[in-house]
Every structure is written in structure tokens, then in C-alpha cells.
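Listed below are the structures to be examined.
Same chain, two partners: chain A is paired with chain B first, then with chain C.
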Partner chain A sequence: MTQMTNDERRNWMGVLARAGAAGITARLDAAPPLPPHTRLRGPEIGLTMLRGRAGGDGAPFNLGEMTVTRCAVRLEDGTVGHAYLAGRDLRGAELAAVLDAALQDPTRRPALLETVVAPLAATQAEARSETARKAAATRVRFLTMANMR
Partner chain B sequence: MSGLLPGFTDPVLDAQSAFRAVLEAMSRPGRIQRLQRPPAPPAPLSPASGAVLLTLADSGTPLFLDTGPDAEEWVRFHAGCPLVAEPAEAEFVLASALPPKLAALRAGTDEDPQTSATLILQVESLEEGAGWHLTGPGIEHAHRLRVAGAPQGFVAEWAANAVRFPRGVDVILCAGDTIAALPRSVSIREG
Partner chain C sequence: MYVAVKGGEAAIANAHAWLAEERRGDPAVPEIGTDQIGEQLTLAVDRVMAEGSCYDPGLAALAIKQSRGDLIEAIFLLRAYRTTLPRFGASEPLETGAMLVRRRISATYKDLPGGQVLGPTFDYTHRLLDFALAAEGHAPSPAPEADPGEDAACPRVTAMLADEGLMAPEQPSDAEPGDVTRTPLTYPAGRALRLQNLARGDEGFLLSMAYSTQRGYGANHPFVGEIRQGEVTVEIVPPELGFAIEIGDINVTECQMVNQFNGSRTEPPQFTRGYGLVLGRTERRAMSMALVDRALRAEELGEEVVAPAQNEEFVLSHSDNVEATGFLEHLKLPHYVDFQSELEIVRAMRAAATPQAMREAAE
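Up next, the complex of A and B:
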């Protein structure tokens, strides 16, 4: 049995949380069918307080509240899957929770990682680099100010 | 892996209706209230005591229970309440077998009697019209309640609890999907 590490689970939970219902559903056609599940909690929408630190080492302060959707499901074998995601995506939270539970099963994991998580991660990485590229194109360097000193 | 079970089907409405049942039970001591849609908690928790826990316990109420790891995990997941190792530290105490002595639970202070503990006691069955004679606020003349499976010496302990008034412990009796309450102001006579 291949053990999963916390980092692996953190990675797929993050990818699924960012993907949203539409993104996950689009990938499910190619994936093996999801196991049946019962809802333990939710999916439900709530608020969570974001805390920040000025400069990374300042005193923590409350930045503001954000909307969060969470869901916990249980598969027939007792495995519990969780999902927390930003925004109001009830369907996405439930799908992400079911996938989190299914991914904990070593027999299901390789196929799901390949057909669902990896493509979603690739799409997200591409979107991120696209944003970074556009932002970099508008970057302003204050060379003149440096030269005037 | 854990065998975590679902809680209330509709967390908001079911908790409201269970809260209403607890309120009715507390204001009419000894009257049996049937919970409309209780959850199915892990054994040995009964549906009624599971519903009472999910309704009353939250992150601000330390809980002590004697019902084993499955029930502990279930309550912690659905109610999010801290679990304590000693009944004396808890605001809610759930007893399915032999309960701790009433005198050992938090009784509040004369200034703040509301800081006392509430004992949620699982019994075998509840039946009106026979058994104990209850009198006190909320009861016009007298009310009769038979509690099957009440712990030995409970009535004597209850008398000692009443002496400390306004300090003292309140009790919610749970059997199956029914509850009845014994607020500290009620007096019990065996009959």
C-alpha cells in the first residue's frame, strides 16, 4: 500500500479547491466513476476571518472576512473527505470532498491523480503564469528616480 | 479509518426544533417531549441525547462524555466542542452508564448560578403518570414521571442538589427519541 503524505493530500486538496464545479465536472468524464457517498456536513457557506501580518513578522491583525464553502463526506468504507474552498460553490465543494475521500484510497489514487488532479493543476499553473506574464508586461521601473540621486 | 456518521439532516431547522423541545421540557419539568427529527448518533448515544448535544454544545462549552471514542469523534466533528477529562470541568456532562455524583459537578456560584453544569442522562425509558412525584415551578399541583434505569440513590442526591439553590445542577433525561428535564428548582418524592 502506498502511503500518502500530508504534502500530497494538501496539494490535491488545493488543486480541487481552486478548480470549481465546472472544472472538476469537465474532468470527471474521463475519470473512473466516483464512489457513492453520504454527506456528513454541508455543503454549507460561511465566513472565515483572514488574519495577516504586516511584513511577515509584524503582529497579527484581522484583515477581513471571506466567504468559504465547506463540505465533508463519507464513503461506504468509512473514509472521510473534506473540502474548503473560497466563494460560494456548493457543488464544487461536494465534488472536491468526494474526490478527496476517493484519493485517499491507494487503489483509486493513481487513475484519479492522472485524469483529474494533474490536468487541473496544469490548467491552474498555466493561468497563473499567464497572469504573471501580463502583470510583468506593465511593470514600471523607476530608473529615472534612481538616476537622479 | 473512522466510522463518522452524519449529524442533523437539516442543521439549522432540526437544531431549532430540538432547542424548542429542550425549552419546553425545561419549562414543564417532567413532561416528556418527543424530538421530531433526531440524528442517528454512534452507539451508545441515543438519538435524543445526540440531538441535545448537537443543539446545546458548541465551541464555548466544555463537554465530558463517557460513551467512547466513536461518540467523542462524532460530537467533536459536528458540535466542535472541547472535550474535557474530568466531569468537574465540563459545562455539559453526558452519562450513558453510571453518572458522576451531582455534587461533583460544577454548581455555579451564588452570583452566577447559570455557570453550573447540565447533566444529560441516558436512561432506559420515560413514562408519565407513574413513579416519582414532581413538584415545583412549572408544575401546577404534582406531576408523575417514571424513569426506568435511573441511577441508584438519585433521588437522595437530587435532594442534596436542591439544598444548594440557587446553585445546583440541571438534568436532562434522554431515552430513545424522548426527553424530559429536571431543572434544579423541582423537587422529587419517590412514590
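Up next, the complex of A and C:
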């Protein structure tokens, strides 16, 4: 079966982190049932210190913190799944960790990618695209004085 | 000095009960929900997150409700809450160059790649009260949309100047920055700690300090090279994974002030920058921060330090409104013993003064 790369895993973890409990739950009806799991750590809420760079591209500095929820779970076959997401969402972090573990199984992966990850990614991409289109509608078209003469 | 006093428990409990009633206001008026604060008082939420130094719109909205809209009290509540949470680690430095831009303007270039994007701004509104908002059921129509096109990417204005060699470069570094929440400030603090302090500093204080530089107290000839506001992705590298993952997106505002610099013994004439980066859609504080950051670089750039905004210790030790409020409001605590001794001294001095001297002083 296909070997999982870090890039693939990074991709689904990013999509699941943004989806939250409500977003993931809404996709689970159409998905194969999730495997049973045990909690290894959390779900628990903590902080991550956000960093910026001086001038945008210089030395790092601490900008301020943000709340983060994390969870680690283990499936019966020993696979460990992780989740970290912005904000306070215990249920979302646990669901994302179980899905991360299940997605590492090559036999489960295609169906989960198709029924859960891909639709969530599409929703998120559309939200970004809507923002970009609204921003574009406020782009100034300057008429220079030379043209108006 | 203040002293502990006993008693007053019943009065305190009753005062807090009255506070809760006052907070709720007239029960005939529907109670405000934290979701309504989060969705409709967004810029108050953003200010509380920025100065509370904790990005969580839900917590900030709750703090605003609890504080009856006293934002400094809300900031205090958020700061206190964050101390109850463990810190999991630090993010990778935010890639503001890759921001999903909602607003991006430059006052130095009319035509620039990516263009001038106004975004949802108060600029160009007439600042007339809109009584339509006082009526309920006000639902605006969706904002117009346009094709972003292929030239939607927004390169940094500072990078455009740097390509010509006209912008002093930042020192590239991956050094671990100091953290004012872990170690008390000592002076000189250095730029990383200054930027952290300014990013969470009181907006009114930053605005006044920035304004003082504009009025000549440490003038630094600023231009808004660029302001950009929008969503940036937060990445962390969990040790158990060993690679970077995205945990979500947050709203930030970045301001690059471009300042003329006449050069020094070691540097040619060029532009230098003041930098502002803040949580949320808080443009005024991003601009203020950038002006004050540049003013505080005076010593580094060989300029004479003459004005308050250029004085690192003055700015950093007075910027925090939670600290300032604490020290100011401690004056409300019982100072009975202190005052008793002052009273004795003043009475003794008056007794010692001759009636003749008293008359002269009065005249």
C-alpha cells in the first residue's frame, strides 16, 4: 500500500485542526466507523507562545500567546494519533487525534480522505477564496493625474 | 505602606451582589451573549486579546462581558486566566509575507504589486452617527466580490526597497528570544523584548508615545511603507512528530514604517524601519508600535536620545496597563498608618510655625 509521507500527514492534520468538533462530526455520518481508541494524553487545553520576526524577516520575538488544545490517542493495533488545534475544543482535538491515527492505516486512508478530509479541505479553501474575492473588490484602481488631463 | 484590616465581609459580599445586578442592567432588556460580543464587538475583542497577550476570541468576549465593557479590567481577567494554563511550547515565527490579506495599503507607492486593498476599513467613512444601526433587524447585504486575478500576491514593500539596497536589512537570526512573562525586564532590554512589550502595551500609551515623536519629541520622519491585515497560519513543531504542522489561522495586523536615515560613521544614508505586529485587527496600535519601535532604535542607529519615546526604560516600564492599574489602584487600599504619621507631622509643623510666618505664607 502507499507509504505515508510527512507532507500528507501534515496536510490532513492541518485540515482537521481547522475543522473543529462540529465540522468533523458533520462528516462522520458519511465515513466508515472510527476504530476504538484509548487516550494517551488529554484532550487538554494549554498555551502556545506565538512568535513574529523583527521587521517581518529579522530575529524572532514573542508576540503573545494563544490557547491550544492537544490530544494523543492509541488504536488497538498500537498506532498513535496526535492533534493540536487553535482554541479550546476538547472534542475536536480527540476526534482529530483518532482520525490522525486511522489515516495512518493504508487500508483505512483512502475512504477517510475522501469522506472526511477532502470535503473539509474544500470548505476551508472556499472560505479563503471568498475572503480573497471580497478583498479584491476593495482593490483601488488609481487613475493618475496624467491620464485625467 | 498599607496594612491588613479585618471586617467588612458582609459589605463586600453585598457590593459584589450589586455589581452583578448592575452588570446585568434592566432585566427587561435581553441579556447580551458572549457570542454576540465575539461577532459584533470584534475590535474590542481584538484589543483585549492583544493587550491580554492571549489569542482566544471566546475568552476575550467573556472577559468583556464580565468587566461590563471596561477593557483594561477585561485585559486583567484574561492575563489572570492565562496563568492557569500550561504552556505547550512556542510557534514557528509567523510568515506575515504569506498572509491571506484582507487589507493592505502603502503610503509610499501608489502602484505596487498586489495593489492597494482597502478591506473592511473605517477610513473614508464620514464619521456621522448612523441611526439605522439603532433600529433592530439591520442586515447588510453581502459585500461585493471580484476576481483576485493572478497578481494578487503582495510582496513586502520593505523587500522592494531592500532590493535596491536602500533599506537597512534586519539581522537574520533564529536566536531564542527572551520572554517578559518569564523573566523580569532589565535594561538595556534589546529589540526582541521591546517588541514583545510593545505588542502587549496599552494602546493609549503607545498612541501618545507615537504621537509625541510626530510632534518633534524624537522625530523620525515616518512613512507608512505598508500596513497589512489578515489571516496568518500558525505552525508548531511538536517534539513527538518532529515536523511542522498547522494548528489554525489567526488575525494579525502588521505595520512597516519607513524612516529616512542620514547615515552614520558605519552606515550609508538609507531608510530604516520601525516594526509593528499585533494580534487582531488593531491598526492604530500596529502603527503606534512601529513608530515607537523606530524611536527606541535611536541608540542603535547612533541618534541622540533626547525624548521620552526614545528612552527604553521609560517606555517599557510604563507601557503595561495591568501593571500601571495595579500600582495606581493600590492607593485605594488602607493607608491608615502612613496617613496617621503624616497627619502628626503636618500638625507638628503647623504648631511650630509662628503666627507671623503663617500670615506671610498665606499672602
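To be clear about the criterion, the second predicted complex is superposed on the first by the 136 of 149 C-alpha atoms of A that agree within 3 Å, B and C clash if a C-alpha of one lies under 4 Å from a C-alpha of the other, contacts with A are read in each partner's own complex, and residues count from 1 in each chain.
Everything below uses one rule, namely that contacts are C-beta pairs under 8 Å (C-beta built on N, C-alpha and C of every residue); 3 or more make two chains touch, one makes a residue touch a chain.
These numbers come from a predicted model, not from an experiment.
When the two complexes are overlaid on chain A, chain B and chain C sit side by side with no clash.
Of the two partner chains placed by the overlay, neither chain B nor chain C lies in contact with A:114.
Legend: residue contacts after superposition of the two complexes on their common chain; A:126 is shown touching neither chain B nor chain C.
Among chain B and chain C, the chain that touches a larger number of residues in chain A is C. By the touch criterion stated above, A:79 is placed in contact with chain B alone, chain C being left untouched. In the superposed model, A:38 makes contact with chain B only, not with chain C. With chain A used as the common frame, chain B approaches chain C to a shortest CA-CA distance of 7 Å. With the contact threshold set out at the top, residues 44, 72 of chain A are in contact with chain B in one structure and with chain C in the other.
Of all residues in chain B, those touching chain A in their complex are 1-7, 11, 77-78. For chain C in complex with chain A, the touching residues are 49-50, 53-56, 58-59, 82, 85-94, 96-97, 100-103, 110-111, 115-120, 143-149, 152, 156, 158-159, 170-181, 191-193, 195-196, 199-200, 230-231, 234, 236, 238, 240-241, 243-250, 252, 254, 256, 273, 275, 277-279. Chain A makes touch with chain B in their complex at residues 38-41, 44, 72, 74, 77-80.
Chain A contributes residues 6, 10, 13-14, 17-18, 44-68, 70, 72, 82, 84-88, 128, 130-140, 142, 144 to its touches with chain C in the complex.
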